[in-house]
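Next up: some structures, all given as structure tokens.
Both of the next two complexes hold chain A, though its partner changes from chain B to chain C.
Here is the complex of A and B:
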């Protein structure tokens, strides 16, 4: 179905003038291209979610339960008592505005309700009205407003125009985590059955088959077998990839897009080639076949349900510890919640690299190590032979994926790996990388088609920084360590910076890897290497 | 749920026009769905893709990896986009009556 095509110059002409009537009197405009479709009732039912029905945001009647106000206010009361952080975030904001222009959605849309301070105010105003003495007595004078259908519609629009990336939190003098406010907003919406399909259906698939795509065990094996054939034709070496192997030392969990999507898949080839080369005793799992967790974008309960399989599978297979692949939000769940949510995993051992002997002390509690840390350690100890010239056809920059960057501080390892496998690496401007990295604009479960305009707007600041290095240094490859990035940055680049492709960190590792006994035919995409030039850097 | 109707074909679809009950798929439905993808005439190559996707779906309950689709049909990705301008997942899968892949893809 052909839609009128979005044009970059039209999207880039952004109106930052604030509507004169004030924000409380500006009604939500559910304009096509700015919101996501409602959850398919079959998926909602499968997960046992409240109020499953066919509904769409563009329809006037959202078919809410009759006592919807009570449900939301009770839900808010419960969460205020359960999460001290939420109570503090509701009370402490002085509306200084330090966060206002830090949000990629505000920069790309000019809509004041995308200023993080105002996004939080959408919820805070209802909190004041029903939970504070000042709000109860003084009403709008104290910044309070009653909960109406239009408020609910506004929440739906703006809590799904936030990617929970937490860039704004870096600049908040109080450290308010606006992602947590969005998470609470979404939880409240979900109590009414106001979930979006791009989150609910992957979550339902994940609950049914172990992964967001709904791939069953024989399909998983089929894809892995295909990858092994591909590796054989590239390296001339037959590589093994054990599946569900009891007694393996390490369980390896990847996002499902790694064995399905493009360009994720080339990174998957990179992992398998690397593990073969170092002789790692590991196993994949058809049950823990998803590292990602769209439950995080739905509710803490859903996150917990979907995450439980990782420790359960580690226990069943009898592994010692776990390595996780290149996935973004997965690492917020693993690093910050898994241990207390579904742990303690005291049946596992504190991770120690069997190849270098390095203990991963940062993962002593979760027992789960990021692949970039694992690989960086291998390279640091000279355990793999690398030929950087095999990436000479790429001029590379690195996008810090939001969650590995801001939720776990993973800044140096991916850069160390990149500089060890490429000759041409260039950083984007410093206020757009590391903890100040700009989001892809499509994270937190909104990376689909119906809201493409909003994604291109939200991704504009990231794309703009890529354009800078593209023009200045001829960068033609954007490397990253997140599956959502790999799915959503290619269309973003095509829109704003044509000529820049997207790749997994481990695709570049796989390209540079010199395997014992190899008869290489080209890079992991099946392309011939650039003509031999530049010095070889053997690590 | 929206209903898609063309000639004798009448099926439930989602907001993007994907079939809701893939098991009811047949070639007449494929031809009708193809018109929504700007394909007025199904050539041999169009069918080759659709039949491969269909067979894979019946075995595995999902679409194959794009790399696998290209390799097994011997059709490069560029050619697939020429045949189905919205691409393998959104174009060819829709015509083959498969659900849209979901998640980080």
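Here is the complex of A and C:
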């Protein structure tokens, strides 16, 4: 490695001083470490996306189609007529600045164009120029500016420096959701073929194989078999995990990283162990082998295309309802979009837990229940035997992932589960959790190596809060319910708060689970329990 | 620069009013034509803008959830910050519109040595905005006394409450001071904070200067110069009863006041001031978080190209067979 290594104290010396000239006069700086590579043309082609070609953002020529201006303005016109959100958000911002220091990218970079308000102005200025009377007549006096190549480059930089986390929207007096504006901005960029590879390629994999990682059905089966072997050596019990089983009661959909990534995998072991213990009649699917949906980060059309398989597979397998695993953006799609896009799911039944008899009334239409809701209900009804002391080697805090937090309000269920399975749980400061939670800094498809500096900057507020509880309470584990978190928080912790590991909620459930007939050898990571290492056993 | 442009606009308007007040024909334009035109633009503009918003569909239900969802019966949900019923949404909107709930959450982040980020309470903006908007409402309500005869009880009541401190002759209204102070604060923070100055457009200063000009001229007329209130009331009554007439004896200051008000009204539908209507239509606030309970319809939900299970099995059939996975169709 010849690259200079990123250093925390350097990254943290953040300059919040704004440039002397107005923001329309600063050009986008595509600095290494702060943007993502362009989409592989093969992936773009497979998905039938416009303008597939080899290109990279650091090159001067972005190889845009000749009528790119018309495409963008037409695209904007179309979206204005399709989304009230876009129209209202374009029109009503008063630039009060309440959202400014709420964005983790602004806090971590000091770049004023990462203030949500200015991020939105990047698009709003073009909207004014071409779609409002004031902008047409008064031009720059009214805050309008014409669409140029530099504007497009600026959009590319800053709409991929937004993780669509919606934190700004919580604080805005009009609920202006910059994530929504970013989504529109990205759709417009995609019309020109300006997608990034870490979104386009997973999306194309997902379209073909059912999951982002491109794992083919036999590979999926291998992963699951591997997990079953691991479970056998940990619990001393042979667990089953049906795949593509017709007539099962429940379809279980997880993000693909759960069976392929680390530390996600330990959470996957947790689910399988739990389902075995309660005797759940469920099936996994090789076709619906991804609940996550990078289409969300691309366009509403792509989101719908990738999401369609879930209901289709539920119908084919003849299940009654669906449970979804731990993943943030996956749940944004499942909760706020799936039923609208690909419903109605009238061929399914309103979910009722077969173990406790609890009807999940909040999922009566979509027919999909979050695993944290499902497990919380099990625990509340005393349906599983848990030994908290088996997590005594962990001092745990919980990261609210943006989407379950600000697009669902899933706060208490995971906390209830956590508190039921471990003895040492500590909250981070209140301005950094629940609806005010800080993003991991790598969501929405920008968690790439080439974008590392920006990720560490964006993740700084989250890491800072973890460090607070690490120093104050000796926290050494950051639990979460999001696949992107599990992939991107470990490097973030290593950078800012060495000594803190990351785990799935259901890894801790699996650790604490007392299985009938078990001969436990240790926790799901294969480590001995604290008690056996001589730690204190809690009553 | 942006601030200067707006200041110049307001200064020019003031000069026009002063110049026009002297001669009868121009005073007629300022006192009658302009206010009517402004009122027409204001009403029509708002209607058109709101209709345009209302016509645009809401394809997805995207509330920003700021509290616990409604899920299991034993989990306490947060009906105001994450409502799942229409009533809850109404309450959330009421809190938002009347109390500026979201602004109330405001914090300020600060980077200290360490590096350590801290978040401090910051309610100043909320306080400023509340004072500003409520004062403005009070001012508008009590001005109704000029346009109605007899003056209806609610307006009289507002007048009474507004002047309850009974300071000065004539009584000083709290809302005058509130409006002036709050607008001054909003302007000062825009000018003094480098970040805010950086994001501010001319369009952000213009309404503030207009309102400061309006409030300033109003206060001058009430407390410092001799204003022929009878004549003003006559003019206002004429306007509101559609029998306009221009009485004698109205000073230049009044025409300044009136022209600035007219300008503000006519400008409003084309400006960010439309947040007064937009706040009601914001889909992150005015929708219930009952997404999984009730299906939301997208009127333009387009058909898309999907990858079907059949296509998938066709591609991977042999591999699936080899892995012992169940199949819809046996390989040939």
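In this section, the second predicted complex is superposed on the first by the 529 of 539 C-alpha atoms of A that agree within 3 Å, B and C clash if a C-alpha of one lies under 4 Å from a C-alpha of the other, contacts with A are read in each partner's own complex, and residues count from 1 in each chain.
Definition applied: a residue touches a chain if its C-beta (ideal position, glycine included) is under 8 Å from a C-beta of that chain, and two chains touch if they have at least 3 such contacts.
These figures come from a predicted structure and were not determined experimentally.
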| item | value |
| --- | --- |
| Partner chain(s) touched by A:343 [first = chain B, second = chain C, both, neither] | second |
| Which of chain B and chain C A:216 touches, first, second, both or neither | both |
| Chain B versus chain C as contact partner of A:183, first or second or both or neither | neither |
| Which superposed partner A:101 touches (first chain B, second chain C, both, neither) | second |
| First, second, both or neither for A:386, with chain B first and chain C second | neither |
| More chain A residues in contact - chain B or chain C | C |
| Touching partner for A:231 - first (chain B), second (chain C), both, neither | neither |
| Which superposed partner A:205 touches (first chain B, second chain C, both, neither) | first |
| Common interface positions of chain A, toward chain B and toward chain C | 216, 218, 222 |
| Complex interface listing, chain C residues touching chain A | 1, 5, 49, 52-54, 56-72, 74-78, 81-82, 84, 96, 100, 102-103, 105-109, 111, 115-117, 119, 125, 129, 193-204, 270-272, 274-275, 278-279, 281-285, 289-298, 300-302, 304-309, 312, 315-316, 319-320, 322-326, 328 |
| Complex contact set, residues of chain A against chain C | 8-9, 12-14, 16-19, 22-23, 48, 80-89, 91-98, 100-102, 107, 112, 115, 117-118, 121, 132-134, 141-143, 166, 169-177, 180, 207-210, 216-218, 221-222, 243-246, 286-287, 300-301, 304-305, 308-309, 312-313, 316, 335-337, 339-341, 343-344, 358, 360-366, 368, 373, 376-377, 380, 405-413, 416, 429, 431-432, 434-436, 460-461, 464-465 |
| Of chain B, residues touching chain A in the complex | 1, 14-17, 36-38, 59-62, 64-68, 71, 77, 90, 101-105 |
| Residue ranges of chain A touching chain B (in the complex, touch as defined) | 1-2, 37, 40, 54, 56, 198, 201-202, 205, 211-216, 218-219, 222-223, 226, 230, 255-257, 259-262, 264-265, 292, 294, 327, 447, 449-450, 483-484, 486-487 |
